[in-house]
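Shared between the two complexes below is chain A, which pairs with chain B and chain C, respectively.
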Partner chain A sequence: MQIGFSDILQIIVGGLAMGCVYSLVALGYTITYNSLRVINFAQGDMFMLGAVFGLTIYLNFGGYYFISLIFAGLGAALVGMIIERIIFRTLRNSPPLNLIIATIGVSIVIRALAQIIWGSQAMSFPPVFGSSPVKIGPIVIMPSYLWIIGIAFVSILLLTFFFKKTLTGKAMLATAQHRDAASIMGINIFKSDSLAASISAGLGGIGGVLVGPIFFVETEMGAIAGLKGFAAAVLGGFGSVPGAIVGGVILGLAENFSASFISSAYRDAVAFLILIGVLVFKPNGILGKKIMRV
Partner chain B sequence: MKKIADLLTLKKPSIIWIIILVTIPFVVKSVYYLHLMNYVLILIILTLGLNLLTGFTGQISIGHAGFYGIGAYVSAYLSVTMGLSFWIAFPISGIITAFIGYLIGKPILKLKGAYLSIASIGIGEITRLVLINWTKVTHGAEGFKGIPSPVFFGIAIDNDLKYYYLLVPIVIIIYFLINSLIDSEAGRAFRAIRDEEIAAEFMGINVAKMKLMSFIISSFLAGIAGSLLAHMDGYLSPFSFSFTQSVSFLMMILAGGLGYKWGPIIGVFLLTFAKEWFRFFNEYQLIIYGLMLVLIIMFMPKGIYGSFKEIFLKLMRRRNEDAR
Partner chain C sequence: MLSVKNIRCSYGNIEVLKGISLKVEEGQIVALIGANGAGKTTTLKAISGILPITSGSITINNVDISREKPYNMVKHRMSQVPEGRQVFPELSVLDNLLLGGYAIKDKKCVNDRIDNMLEFFPRLRERAKQHAGTLSGGEQQMLAIARALVSDPKLLLMDEPSMGLSPKLVGEVFDIIVDLKNQGITILLVEQNAHMALNIADYAYVIQTGEIVISGTGHDMSANDEVRKAYLSE
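Now for the complex of A and B:
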């Protein structure tokens, strides 16, 4: 197969789009981990919840994609907040394995509930971004890819603004750095925890709504998305916010390139090979700090 | 040596348990429950190994379904494609899985805590993808069919009752071997590593070697458990060796009592039968199963065995105080 320059550009755009989605999921893991020291294995299910919420809102309330995007994100955030309140706060001082298993238990419950509500059939989003490809110079791109990249970019910008410029965001960063000191300074650390969990879940939810129009929406979609978001977070350096973004993008690109050049059967294996390679040879990831190897 | 002597003479409570195990098929007439019992016994072999690794050595693995799958497929390949007998395929599948465990464990055991658990997820997922896509050897997504039943001196072990009596001695032997290992010097080293790795190193324990040993033993046991599963069902689907499966193994030892000798046994019994009984709730089955796990972890962090043991010890202490 002859692969030209425009094909490569196309692969890059597709990889970037998926990479942005992985970045959103990875950011969810990172923010939860930084604030709560929990690896939340229900993060992938927030992604699934976002997609099914988004689809339901889109189909029942007049078909405005952006409204369903926002409300699906908020819905997932609410679920994240509830999980934090009930599970994480109770298990604050448990050993890590117990926490991991508890989040997996939560994930089982959410997935089973979603299956009862939405059924196990794959549902499809109407082509909200238009189904005809656009031509930009020599390359032909599906408009949905551009939308995904754009929306993910805006979400990340808003998030950065929130953490850098608002008092609440700064309070959250302080809590993540040193809980006791933050508490003495008059920061409500429980509010910070709650917000961290809901922001993480909301980001995952937005990721789910974004891929909705490209893939099928089903209640099992969270498992693989969750693991890949995780791989992205580790690749970038677990606990690092820029690392999560970079890791997601690199993972998306690597996946798309290997699917095009090597074999699409092992497309999903790329994420895990990268994951193990990074963990063994460079456990701090690309942008992680040294202290992360606990 | 004393342990081996104990094993040969069999202490009293052990004899009672062995008698109970042997007589179960006379009480439980239902084929369905006997089949479940066989699953339970196979899973006990696997979780005894996982408990050694996670409960006693403190190394989390969320990829043991991968080793289970490797053992099952190696055994299936050896007996179907190469035409070997079960009695050869069974130990070889364990040895090959242990060797793969050595190759994987050597690099990833350098990682600690959550990082190790993440790497092990990756190992499990890659194994699953290889089982699905390496069609030439594994028959891919359609599954591996026609795995023969073991033949024991001319008797085909082809129904659940016969298979039960094949499994019982294997489980008993492995249970005693694992327990004597835990009580030995190596077992104390494992626990020292779990409790405080740096201190263990200062005490002269070769931490890397002991961790690797624990990992190899647990992958060997997962491998032979897989082999037993393959020859019991006669059919393997690559989709059953999933992340969810790996998690359920961990849930079993955690619910039973992590780092207790009896933990995996109780956990496997409880979760296997609970899952079956909850079928009664149809689509709510998984919700109840998930909730049960979360509740056990929230309110019984030491697992069922650990919590009851603690209550029992507290009662005993109080009675002793009263007597005084």
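Now for the complex of A and C:
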């Protein structure tokens, strides 16, 4: 096969789109880890919940994709808030391993409940982004990729604004850095925790609604998405916000290039190769400062 | 102003405070001195609600705050310079100050107070945009003090503000404390530097393994033989 310049651009756009979604999932891991000191292995299931919530809202409430996106994100955020309240807060002072195992338990419960509600059949969105490719200069792109990149970009922009410019965002960062000092300032650290869990879950959920229209939606989809988001976070440097974004984008690109140049059968293997490679050779990741504490 | 009556506190099974009582009258500097591990920091944590007390009571201006959440303490016009500064290392100096006024509704008032602080601590103004974690120890201490003052407290708890500072800076910090007192702020000062603390204190308590063992005016305490031997190394 002859691969030309425009093909490369196409691979890049597709890789970027998936990469942005991994970034959102990875950001969820990062924010939860920074604030609650938990690696939340139910993060992938927030992605799944986003997708099933989104689809359900889309099909039952008039077929407005953006409204589905927002409410599915909020729905996932609410689930994140409930998990924080019931699990993380109760286990706050338990050994990290107990907490991690608890999150795996949460993941199993959520998947089981989702299967009871939505069944185990794969479902699919109608082509909400339009099904005919658009031509931009020499390249032909599926509009869904552009929408995904655009929406993910806006989400990350809003997140950055929240942390850099709002007092609530700063209070959340302060809580993550020094809980006692934060509460002395009058910050309700439990609200900060709750917010951190909600935002993390919401970001994962948005990721799920974004890929819903280009993949099948099913209740097991969180497993792979969660692992890829985790790989992206580790690649970027676990605990680093810019790292999560960069890690996601690199993973998405690496996947798409290897799928195009080697074989699409290896697409999913790339994430694991990267994960193992980073853990062996550069455990701090690209932008990470300190060895992750687990 | 602040009255602590017979409070007890535990970490797990270990009782660390075994019935502490102390009083801080309005406008005074009261010093709490004692050896490492005596329970000074724990006492402050108990007062600020970070650590729940198992018995006893704490009141501010006759309002019971024994079970008050730490994040509600600002409402009682209480503020704290915690042990080891505890500035928010990855937030800017300015953001640290901004959070000092987190609980204050009137943000214009907060901004004015921050301006005052930057006036008073010019080193902080020069570094306003820098991450607090990149400041020197002395600068971080100034920031911790400034941050505690943004909420315009009536009562200030200070935990070893001179720790790890050069003698010159220690002098500066003590000057600031006296200055704050003159501005009408009541201060409960925990110190290892007993000599200097007793010099500026109106009243002082000595804590030993979770109990108050001696108390008296700063002047009397400086003259007390036991105190001199144990804490002034004379």
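Methods note: the second predicted complex is superposed on the first by the 289 of 294 C-alpha atoms of A that agree within 3 Å, B and C clash if a C-alpha of one lies under 4 Å from a C-alpha of the other, contacts with A are read in each partner's own complex, and residues count from 1 in each chain.
One rule holds for everything that comes next: a contact is a pair of C-beta atoms (placed from the backbone, for glycine too) under 8 Å apart; a residue touches a chain by one contact, two chains touch by 3 or more.
All figures in this text were calculated on a predicted structure; none of them were measured in a lab.
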Across chain A, the partner (chain B or chain C) reaching more residues is B
> Which of the two partners, first being chain B and second being chain C, lies in contact with A:G105: first, second, both, or neither?
Replying inline: first
Practice item. Could you say whether A:D180 touches chain B, chain C, both of them, or neither, answering first, second, both or neither? Key: second
**Prompt:** Is A:S94 contacted by the first partner chain B, the second partner chain C, both or neither?
**Reply:** first
So, does A:L113 touch the first partner chain B, the second partner chain C, both, or neither?
-> first
Seen from chain C, its contact residues with chain A in the complex are 45, 48-50, 69-75, 79-80, 82, 86-91, 95, 98-100, 102-103, 147-148, 151
Chain A contacts chain C in the complex at 167, 170-171, 173-174, 177-178, 180-189
The chain A residues in contact with chain B across the complex are 39, 87, 90-91, 94-98, 100-102, 104-109, 111-113, 115-116, 223, 227, 230-231, 234, 238, 265-266, 268-269, 272-273, 275-276, 279-280, 283, 293-294
Listed in rising order, the residues of chain B that touch chain A in the complex are 54, 60, 62, 107-108, 110-115, 117-119, 121-123, 125-126, 129-130, 133, 243-244, 247, 250-251, 254, 258, 283-287, 289-291, 293-294, 297-298, 301
